[in-house]
Each structure stands twice: as structure tokens, then as C-alpha cells.
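Below are structures written as C-alpha cells.
Look for chain A in each of the two complexes below; its partner is chain B in the first and chain C in the second.
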Partner chain A sequence: MTTTLAVMLSIHVIGGVIAIGIHNVVLMHLLKKTPDYVFISRIAWSAVALFFLSWATSAYYYVTYYGTAVKPRIIAGAAPFAHTFFMETKEHIFLVLPFVALSIALCASYLRTNPDDALRKSTAFLTFVALGIGVATAVSGMLVSGSI
Partner chain B sequence: MSVYELLLIMHIIGTVLGVGSATFAEIHYTRFSSDDIITDDERKTLATTYTVMRTGLFLLVISGFGFLLYFRLTEYTDILTSPVFWAKMTVVGVLVCNALLLQARLMPFLIGTAVSLTSWYAALTLGVLREINASYFEILVYYAVVTVLVALGLRWIRARTHAPKKV
Partner chain C sequence: MLAVLIVAAEEVPALKDWLKATFYHHWLGKGALALGVFAVVSVALSKQRSATRLSTVIFFEAIAVCVSVGIIAGFFLLHLLKLV
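Here is the complex of A and B:
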């Protein structure tokens, strides 16, 4: 693996994990009775940036390295389901995540000027869903890495 | 300093902050709630302790994923088949879920604090005892049993601190 690919993979993992952590913080604050929407919208937009960064770097890694160097090793190894199920699921579900994060950030920005309890609860639910998808994606990535 | 050493220091600092703040959160809460009144100063002290705990959790998770990345890049992926590793990941997951449930007031406080305290010590213990002769489910059964014992212990301590004083 080249240094560029190692850096790309590192940005993908660390960026993604921090973005998931940010959604955790967003959810914790949205569950408060009087949330600080300025803070929430700022960190929600940070999560969007990190998810898109994680997405772009993983796309580069996947297209230039994973398919030719990693995937054949997993398929030939003891746990081919790590690719056929977990990676296939991860790569499709992860496509949704940056856009879910974008929706959360837009809702948080709207709430800054128009506080609305119903929208707060809906945004909290959407953030909970994004958190679940994020955690499932991270665990899938660990399983794929462990199957090489 | 190598990347591995840097991650190790970050991981240890995260664990120390988490375990220390979880312990002091319990001590402070038990002491502050003994008169059934939590003053603004006491609330601020608890809030600071919880902030330190969250910082510890953040460092623990980031350095943990840093380790995974390091092992992936150095092709040492044996750790990912270790039951201790998956048990530790489960414990950290429980910590995060527990914090969310406490925040949403969906978790009874006594159970939530017992889960938090036990989980931090479990993460520390599993991090130190990397090679133990137990399956993933055995570790989780021990963890569940200890959580129940800690909950009972905390209940007993809080009942004693609330006991009416003899005149």
C-alpha cells in the first residue's frame, strides 16, 4: 500500500468516527429541553464535512486499491462473507449517510431561527437513525479489516 | 515517539479520565444528594465531572480506532478475532448507549450510574487482561453480574447516606 492510500484510509476511518461521535453529541443536545441550536448546527455541519471527506477518501481507496488488492484476499480467505455481505452492505448504506447528515444540519440551521419542538424531536430521531447507520458501518469496516 | 506509542498514551489517558471521572461522579453524586438537595455549585461540579468523562470516552474511541487502523496498515489483524476485543467494543457501545438513555431520561438513574461505573472498570480490566481464557458470552455474563452487584452496592450506600441521623 502506498503512503497516499494509507493516508486516505486513515482520513476515511478517523473522519468517519469523529463524524459519528459528533452525531452522538448532536443527539445528546437535541434531547435537552432547551438545546443550544447555534452549537448544534455548527457541529452538525462539521459532521457533514467529515462524512463527505470520509466518503471521498474511501471512494478513492476502494476504486484504486481495495477491488484489486484486498477484495481477492478476503474472498479467498476464511471469511468471504466479510466482503460479500458486510462490504457490499456498507458501501451502499454508507452512500446514504452524508445526505442524512446534510438533512440533520439543515434542520438544525432552521431550528436556530425557528425553534419548534416537533421538528426538534424529528431531528433527534433522524440523528438517532444516522447514529445507528454510522455505528453499523464502522463495525462492518472493522469486520472487513479483520478478514484480510 | 512512534505512532503506536502515541496511540497507547492517548488510549491510557482516555481510560484514566473515564475511570477517574466515573468514580468521582458516583462519589460526588452520593455525597451531594445525601440531603436530597443539589445546589447550583454541586450541579456545576457534576457537570464538569461528566464533561471529563465524555472527553475520556472520546479519547478512548478515537485511539481505539487509531489502533485498528494501525493494525490494519501493519497487517496485524489477529486482534479482530479476539473475544476480549469484541467484549471491550461491546462495553464501550453500552457506555455510549447508556449515556444517551440517561440524557433522554429513559434509563433509571440508579441503573444508569451502575452501568456507567461498571462499564468503565470493565473496559479498563479488559484492556489490561488481553489474554483471558473466556469466550465472548462468558465475559458478557460476568459483566452483567458485576453490573447488578454494583447497582445493589450503590443502592445500599445511598440508602445508608440517607439514613436518619440519631439525635
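Here is the complex of A and C:
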């Protein structure tokens, strides 16, 4: 693996994990009766940027290296399901996550000028879903890495 | 849309080939199409002025995401078990 690929992979992992952590913070703040929507919208947009960064770096790594160098080793190894289920599921579910993060950020920005309890609750629910997907994706990534 | 596209691309080789030919990689193609659909839907919803209706849309978006993730994971599980 080249230094560039190692850096890309590191940014993918670190960016993704931080973004997932931010969604946890967003959720905790949305569950308050009077949330600080300025703070929530700012960190929600940070999560969007980090998810897109994680997406872009993983795309480079996946398209240029994973398919030819890593995938065959996993499939030939002791745990081929790490690719055939966990990686396949993760790489496709991760297509959804940046858009969900974008929806959350857009709602948080809207709530800054139009506070609404129903929208706060539904945004909290969407954030909870995003958090669950994020954690599942991260755990899948660990399983894939561990199977090499 | 994404869940349908993902399952369709796995089951219909011609679709996957089209995504590869058009976008260099099938995964990039799915991402690009998802971005396009999201942009169109977002512009349409930006006309929405009612917070109540918006909260309903967001709620159903969360449900749709859960269903999509279930479909994607379920499909690849069936694929792993060689049932599809």
C-alpha cells in the first residue's frame, strides 16, 4: 500500500468515526426541550463535511486499491463473508449516510429560524437512524479490516 | 431509489455494466445517481413552508432509510447464503 492510500484510508476511518460521534452529540442536543439550534446546525454541517470527506477518500481507496489487492485476499482467507456480506453491505449503506447527514443539517438550519417541536422530534429520529447506521458501518469496517 | 438500484445492479449485469461504462465504477455511478435524485427532491422540498409537513417528510425519510438499509443488508445476506 502506498503512503497516499494509507493516508486516504486513515482519513476515511477518522473522518467517519468523528462524524458518527457528532451525530451522537446532535441527537443528545435535539432531545433537550430547548435546544441550541445554532450549535446543533454548526456541528451537523461539520458531520456532513466529514461524511463527504470520508466518502471521497474511501472511493479513491476502493476504486484504485481495494478491489484488486484487498478483496481477493479476504475472499481467499478464513472469513470470506467479511467481504461478501459486511463490505458489500457497508459500501452500499454508506451511499445513504452523507445524504441523511445533509438532511439533518438542513433541518437543523431550518430550525434556527423556525423552531418547531414536531420537526425537532422527527429530526432527532432521523439522527438516531443515522447514528445506528453509522455505528453498524463502523463495526463492519472493523470486521473487514480484521479479516485481512 | 438507492436500494432498488443496488439490488437491480446485482441482479441485472447489463445495468452494472452500464454504470461501469458511464461512471468508471458501478459504485461511483450509484453515488452519482443518488446525488442527482437527492438534489431534485431537495429543490422540490425547499418550496415547503410548513414545518408540520416538513416534520412528516423527515419522519418518512427516516422510515425509508431504515427500509432501504434493511433491503440492502437483507439482499447481501441472501446473496451470502446463496439464496439469490
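Throughout what follows, the second predicted complex is superposed on the first by the 148 of 148 C-alpha atoms of A that agree within 3 Å, B and C clash if a C-alpha of one lies under 4 Å from a C-alpha of the other, contacts with A are read in each partner's own complex, and residues count from 1 in each chain.
Heads up, the rule we're going with is that a contact is a pair of C-beta atoms (placed from the backbone, for glycine too) under 8 Å apart; a residue touches a chain by one contact, two chains touch by 3 or more.
No experiment lies behind these values; they were computed from the predicted model shown.
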Clash-or-fit label for the pair chain B, chain C on chain A: fit
Which of chain B and chain C A:107 touches, first, second, both or neither: second
Partner chain(s) touched by A:49 [first = chain B, second = chain C, both, neither]: neither
Partner chain(s) touched by A:81 [first = chain B, second = chain C, both, neither]: second
Between chain B and chain C, more extensive residue contact with chain A: C
Which of chain B and chain C A:18 touches, first, second, both or neither: first
Inter-centroid angle chain B-chain A-chain C after superposition on A [Cα, multiple of 10°]: 140
Superposed arrangement (fit on chain A Cα atoms) - minimum chain B/chain C Cα distance in Å: 18
Contact footprint of chain A on chain B as seen in their complex: 58, 61-62, 65-66, 68-69, 71-73, 75, 77, 79-81, 89, 93, 96, 99-100, 103-104
Contacting residues of chain C [partner chain A, same complex]: 2, 6, 24-25, 27-28, 30-31, 34-35, 38, 42, 51-52, 54-56, 58-59, 61-62, 65-66, 68-69, 72-73, 76-77, 79-80
Footprint of chain C on chain A - complex, ascending: 55, 59, 62-63, 81, 84-85, 88-89, 91-93, 95-96, 99-100, 102-103, 106-107, 110, 114, 116, 118-119, 121-123, 125-126, 128-130, 133
In the complex with chain B, residue positions of chain A that touch it: 1, 6, 9-10, 13-14, 17-18, 21, 24, 27-28, 31-32, 135, 138-139, 142-143, 145-148
